[in-house]
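Given below, in the form of structure tokens, are the structures.
Next come two complexes, and both contain chain A; in the first it sits with chain B, in the second with chain C.
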Partner chain A sequence: MDKIVVPKPRNLRRNAVVLSVVFLIVGSAVFAGFNPIEIIENFSKGKRLLGRMFLPPDWSYSAKVISPLLETIRMAIVGTFWGALTALPVAVLAAGNFLKNPWISKPVRLILNVFRTIPAMVLASLFVAVYGIGPFSGVVALSIFTFGLISKLTYESIEAIDFGQVEALMSLGADKPNILRYAIMPQILPQFMSYTLYGFEVNVRAAAVLGYVGAGGIGQTFEHNLAWRNFDRVGVIIVISFVVVLIIDFVSSHIRKRLV
Partner chain B sequence: MENIVVRKTITPGQILYRVINYGGLALLILWGMLGIPYKGIMATAEGTIASLLSGIVHPDMSYLSNMTIDGLPYAILETIAIAISGTFVSAVISIPFALLASQNIVGQRVSLVGKFIITLIRTFPELILALIFISVVGPGAPAGILALGIHSIGMLGKLFSEAIESMDMGVKEALESCGGSSMEVLFRAVLPQVSPELISYTLYRFEINMRAASTLGLVGAGGIGAPLIFAIRTRAWPRAMIIVMVLVLTVSIIDMISSRIRKGLV
Partner chain C sequence: MIEFTGVSKVYPNGTRALNDINLKIEEGEFVAVIGLSGAGKSTLLRLINQLIPATSGTVTFDGTDVTSAGGKELRNIRRQIGMIFQGFNIVKRASVLTNVLSGRVAYHPTWKTILGLFPEEDKQIAYRALQRVDILEKVHSRASDLSGGQQQRVAIARALAQEPRLMLADEPVASLDPITTIQVMDYLKKINEEDGITTIANLHHVDLALKYSSRVVGVREGKIVYDVKIKDIDKKTFLADLEKVYGRAIHHDEMLGEG
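Presenting the complex of A and B:
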């Protein structure tokens, strides 16, 4: 029996795309000086550091980790709260299908975009310059960061709602506030709560590193010990915060699954 | 005409449930707020804000036009290079992880192990990974690439495995019934089917990594982060502001291009 051979179509455009993507990847690796062979050769150094961190970690230090860790969680809670609270009304303005006024929704979206592109770390170091070193600066940074994140997700859900309910209310002569209250809010609230929880998970992780620029929480303790080269204490901080983050993620994603 | 009123009936049990839920949430927020002391703004804050605003109006243009290795264009290009390489590395490594976590490839039990490993990777902060890799390869862009490459497995591995789990198994079975080896099944049935989704997720992660790469410099892992933090710490606002502006612009443009490609893909 002859083999059946299906000839592949020659596709110039596809090849050009593949070629340029390969060029982009190789080019950036070369530009950044990324050399896999060198990295594999250097691996023993990394093993030594990991050994000093985790074999064994300085467990006696763990009592001192608890209070900055609680501060981190507090920062995440408060930052998420303010961020979510401000995100909801702004998301309504940014959604194109409620006010139906592009002169409002387009600029609001543009501003939200700018908010989302500034990294939380940069915001935090800016606020440290204004509010001083401590968790307050971190909370302000987290609030703004969360606001950008949640408002984007929420306005996208508002745009994806079932419009039948809105039309039903409109045909009864309901005004905008009533449409918002009885047709839009009930549909997006579960998703909004889920996004808020998601924001909280992200914030716990972000709050844990914000201290690196002086914005409070466990990151500050981490940075101290790293600067003093107390690697066994750094190991304890990493292990404990890792476990806490894992637990928070697990609980929160469980609740989120039930919500939506 | 009378209004039509629909009354909701609530049982006492439901009331109790709500009180516990909302009350608990309120207590949690209150507990959080009490732990964040507001110590007022710094004595120097007014001056800081004033010079910050003047920095927005008069950004440091000489830094923007500095084409040497110390200039802004080089730092931005390096940030993009870190994001691209890091995303590529993680996309390649994510495929075996994703296969290991897919129920329809390795079975229920093994997939649970794979999923757990991916969750562990996702939870580990990339900044700490960057610190570890700095001690391995020294400060610079390669450490950032490795940090992003490993950290992104946490998200890409999960999304990839979800894509693999929801694929059409008919193609795989057809190849298997013809006697295809497991490698042939992987490269001719699994990957071609899920590749549009894989590419789309990879691009999405690239957008995220672009943001991450801009903070990695903070710990010395290359990119725009280091000059930015240095400018903020030394209160060199005109320079800090030009960096923030260029960063916002670059990230927005990349987001726009990437999301347009993604829309065309899936």
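Presenting the complex of A and C:
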């Protein structure tokens, strides 16, 4: 039998992509002065610090961690609530398939994209400057951050709905509010609730660090102890926060899986 | 009841779906619209309730020009026109009752229906509609839990709840198996005969058209090329006439094979 000869696949494009990605990573590392050897050189220093934090942590401090941690969770809850509540109507305006008016959906989307590019930390520092140090600034920052996150995800969900159900409601004489109520909401509500829970997960983590810029919560306690070099207390804060975030993530993602 | 006068439809992408259609449909008729896929059947139907706007010409419903109607006037016309679809288009995540009640939204102030405040009388209308299609026992089920045939019956009940004068059916049985197909067509026929609701149905199967309709309209490339009352159909020339509609001899799969 003759041997079948197949031409080699032309992987020019793929090779080009791989090459440029490698180039970008290496280039960025050099530019940022990142050097793996430095990590190893500083390893003993890190090891000493870890030892002071965790061997052992100052467990007697645990009770003092609870209250700011609860504040962090409260901040996340309130921030998620307001963010999600405002995100829903704005997502409806941003969706191109509901009002079918690009003069509304396009500008709204543009504004949403701007919102989304601002990290929660930046928002928090901004609001600390406006409203002063404390959890209120953190809540405002988280609300806006959540708003940006959830409105985007939700309007994309609205644009992906089964439009046949909308057409059916149109065909029987429903006006826009009724179409929203009877054809769109039933389709996106489970997803919206899932995004809200996801927002809450993200917010708990964000709220935990926001205190670093003075926006309340456990981050403020963390920053305070670090400044005083109470490393064994810092260790306790890290351990307890880690466990709480883990539990919240676990429960929340479990509920999310059952929603959609 | 329905009159198309010089109606053309060109889609935004330039597709000319209908070309100078003139068609008159009388009260109480059961019109079957047949034709190849892409002939313009759906377009024809969707012009009647203005799910799509006409490019030129007028469509009237009981003498009212629907092509120039908008807002409240259009919604008042639409609530008299039930529509059922190939994909059922019921709200899967809602209960059967909510689906059927939604057929009543155009009869009440928006704030009431948004809050789900339907009068008791509407619930009776909904129950009766469900009874008509023998699915009242599913009234509290979630729509997504029903089979295809059951979902289509809920869709018919929703349209009935509108207390419509006209029923549009766009390939109502194309996603159903042969047995449920007969069931659904039987319901449509019964509603047409007992309530006198004028019915226009796009059908893929020629023998369904023959069995259920009172008039067959053939569409080809955006034009009406065949239009005969069932009682006037000439059996000898029928197959040849169908070739005018399909541009070729009828395929086996265009017959359901029920005889």
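Points to keep in mind about this one:
The criterion applied here is as follows: the second predicted complex is superposed on the first by the 244 of 260 C-alpha atoms of A that agree within 3 Å, B and C clash if a C-alpha of one lies under 4 Å from a C-alpha of the other, contacts with A are read in each partner's own complex, and residues count from 1 in each chain.
As a working rule, a residue touches a chain if its C-beta (ideal position, glycine included) is under 8 Å from a C-beta of that chain, and two chains touch if they have at least 3 such contacts.
Everything numeric here is computed off the predicted structure, so don't read it as measured data.
Residue contacts after overlaying the shared chain place A:M170 against chain C, while chain B stays out of touching range.
By the touch criterion defined above, A:R205 reaches chain B but does not reach chain C.
Of the two partner chains placed around the shared chain by superposition, chain B is the only one that A:A29 touches, whereas chain C remains out of contact. Shared-chain residue A:Q187: touches chain C; no touch with chain B. By the touch criterion defined above, A:F43 lies against chain B but remains apart from chain C after alignment on the C-alpha atoms of chain A. Put simply, more of the residues of chain A are touched by B, taking chain B and chain C as the two choices.
Applying the stated contact rule after C-alpha superposition, one finds that A:F242 touches chain B and leaves chain C untouched. Chain C makes touch with chain A in their complex at residues 49, 51, 74-79, 81-83, 85, 87-94, 98, 102-103, 105-106, 110, 113-114, 155, 158-159, 162, 168. For chain A in complex with chain C, the touching residues are 162, 164-165, 167-175, 177-178, 181-183, 186-187, 189-190.
Across the complex, chain A meets chain B through its residues 24-25, 27-29, 31-35, 38-39, 42-43, 45-46, 49-50, 70-71, 73-78, 81, 113-114, 117-122, 125-126, 129-132, 134-136, 139, 205, 208-209, 212-213, 216, 222, 226, 238, 242, 245-246, 249. The touching residues of chain B, when paired with chain A in their complex, are 28-29, 31-33, 35-39, 41-42, 45, 48-49, 52, 77-78, 80-82, 84-85, 88, 119-120, 123-125, 127-128, 131-133, 135-138, 140-142, 144-146, 211-212, 214-215, 218-219, 222, 225, 228-229, 232-233, 235, 244, 247-248, 251-252, 255.
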